Amino acid sequence: MSKGRLEAFSDGVFAVIITIMVLELKAPHGADWAAFQTLLPVFLTYVLSYVFLGIYWNNHHHMMHATDRISGAALWANLHLLFWLSLVPFTTGWMGENHFAALPTAVYGAVLFMSGMAYLILEGRLLKSGNRRLADALGNDVKGKISAVLYLAAIPLAFVHQLIADTIYVFVALMWLVPDRRIERRL
Amino acid sequence: MSKGRLEAFSDGVFAVIITIMVLELKAPHGADWAAFQTLLPVFLTYVLSYVFLGIYWNNHHHMMHATDRISGAALWANLHLLFWLSLVPFTTGWMGENHFAALPTAVYGAVLFMSGMAYLILEGRLLKSGNRRLADALGNDVKGKISAVLYLAAIPLAFVHQLIADTIYVFVALMWLVPDRRIERRL
Amino acid sequence: MSKGRLEAFSDGVFAVIITIMVLELKAPHGADWAAFQTLLPVFLTYVLSYVFLGIYWNNHHHMMHATDRISGAALWANLHLLFWLSLVPFTTGWMGENHFAALPTAVYGAVLFMSGMAYLILEGRLLKSGNRRLADALGNDVKGKISAVLYLAAIPLAFVHQLIADTIYVFVALMWLVPDRRIERRL
Amino acid sequence: MSKGRLEAFSDGVFAVIITIMVLELKAPHGADWAAFQTLLPVFLTYVLSYVFLGIYWNNHHHMMHATDRISGAALWANLHLLFWLSLVPFTTGWMGENHFAALPTAVYGAVLFMSGMAYLILEGRLLKSGNRRLADALGNDVKGKISAVLYLAAIPLAFVHQLIADTIYVFVALMWLVPDRRIERRL
């Protein structure tokens, strides 16, 4: 199984997800500062989700770069990952519109958590197909596992105070923002 | 005729179809559990259609993988398949919004049936161009034909009771969820 | 200049244009036959525009297949073509919503005419770069020129009676539906 | 690091951005000339933004063509550029709807300025990775720097009179419309 088309399809889905998110930024009805300010929470969630999806695209790019063989099961694991990522625009819009209210913030965390799990499952599938270069590059993927645990913790914490959950989301994003070195160095 | 651009274009269309479907998941106006629950039927149809389109992408991927020659007629057969698949987001939204009412459920089945027929036509076109590897891998494509018959049966049955049709849709999806082995094994 | 990325970008734009058109097919508010019937004019324009864009993609595919060299001017001629094609979803929606009223039908024709002209300009640019294989395959492109003239005639005729214009659009589409042979035969 | 997937992903994002902008062109509710005329400011902003994005795609295409090595930092610099470009449809819609009012016109300029800066940063990252062919082709990129300065000047000038800012946007676009020669000639 060649990985070319898996990459092309994934890139297409990533490109559409990351771009349609901007459709949630609806042009305000006025043209003054007051109208502009109402955009702020929506804009902030857009930035957060853009970074989040950028990290996934980047990691996906590196993972596939180190992959040689792809099984049928990996194709489905990849579709499964894209499914959860495709829910990001919806949860982003819901959270932004409700100014980071508790439930949308928790649901946002749940989608991030499921995306993280789906990524780990895809990783597992690729390792099972005997991609030795990938195995060397990844090591234990401690970072991936810590992220999943943090997202899981953020879900109930959103009901204690939303800011705790939001801080966790920003923290995990910062943790990943320079992730490339890991695989880059070893190749 | 090279198959590269056919694949690239199809991947693009698949990626957009599968992703714009999520635009039907409109952010509810409240931020509480009641608002969240109203999303359930829309979410369920999204999952069903996502799996359905994932199966088509997967099968399309495998079919093209085993294909060497593409005729002008196959290009049109491919566009014809994508036409019916492009109607999936619309019928998904209509069915979800009306909580699986009879007519939308039947129309959904009709689109699935036409997609199935279009797939068989594309298959026929590719076999006619003398793709022997594909002929070996496909055999009779009994599964494809059974699916089409089941979808056709689901259309009138939706008017008897929607749950019968919905059960058929889920059953066909499950039947395909591990379809890759067939071609994978022989290559 | 390599043609790979021109093709990839064009395929992306074609894929998005052809797919977002379906967003004009808004799910009707009821779930009965009356609601379904209101969709008919919108659906018919969707089919017409889908075929129209399919023809362009197909011809673009064949033209690029026979092209070896691409100049900077051809990149812009290609963007110019995509500009007019990108207006198709808008005019399709406007014509469908107004049940083929005179003005939207004429504007639809104008967009088809400008697309046809843009295609001829792109062809000219590619021929100027010395793509001999393309020159051999195209001949005079009589069909392309006739189509442009017919579209131009349809614009004022839409104000005499819309059906005249609509008939012209369908006629040109049918004229192109099997266009591939021309280049295919010579390659 | 291969540049193939960076190009594919960027092309996907460019294709989606340039095409979803047309969704801002909402079909007017009437079918007469009065309804058509209300579209004019929205249409003009669409043309401006289309040309603007076309220039970026074109320059991006040429820049990547002359690039051999891509670092992890360049991947992020590229995502950063796409972030600002992804805001173009939103600002285009806002400016068009408000008939080029002062604040939306200034915000439009700010997004153009940030895109220009992001492009220069990406350029810097690529040069730092030792892409000698790119360094030769670019020279000082005086044009890129002048554009950024002009956009920056347009932001406060939009509050003096919108037409000044709009004129600057059109002027910069014209300045770039034949940019290809520069790299083309040297390759």
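The first chain written gets the first letter, and so on, giving A, B, C and D; residue counts start at 1 in each chain.
Throughout what follows, a contact is a pair of C-beta atoms (placed from the backbone, for glycine too) under 8 Å apart; a residue touches a chain by one contact, two chains touch by 3 or more.
Predicted, not measured: the structure shown is a model, and the values here were computed from it.
Centroid distances built from C-alpha atoms place B farthest away from chain D. Taking only C-alpha atoms, you rotate chain A by 90 degrees to land it on chain B; that is to the nearest 5.
Of all residue numbers used where chain C meets chain D, under half belong to both copies. The two sides are thus made of different residues. Computed from the mean C-alpha positions, the centre of chain B lies at a distance of 26 Å from the centre of chain C.
Centroids of chain A and chain C (each the mean of its C-alpha atoms) stand 37 Å apart.
The set of chain A residues touching two or more other chains comprises 8, 12, 15-16, 20, 23. Touching chain D in their complex are the following residues of chain C: 1-2, 5, 8-9, 12-13, 15-17, 20, 23-24, 71-73, 75-76, 79, 82-83, 86-87, 89-90, 93-94, 97-98, 101-104, 107.
Listed in rising order, the residues of chain D touching chain C in the complex are 7-8, 11-12, 14-16, 18-20, 22-23, 25, 27-28, 30-33, 36, 47, 50, 54, 57-58, 61, 64-65, 177-178, 180-181, 184.
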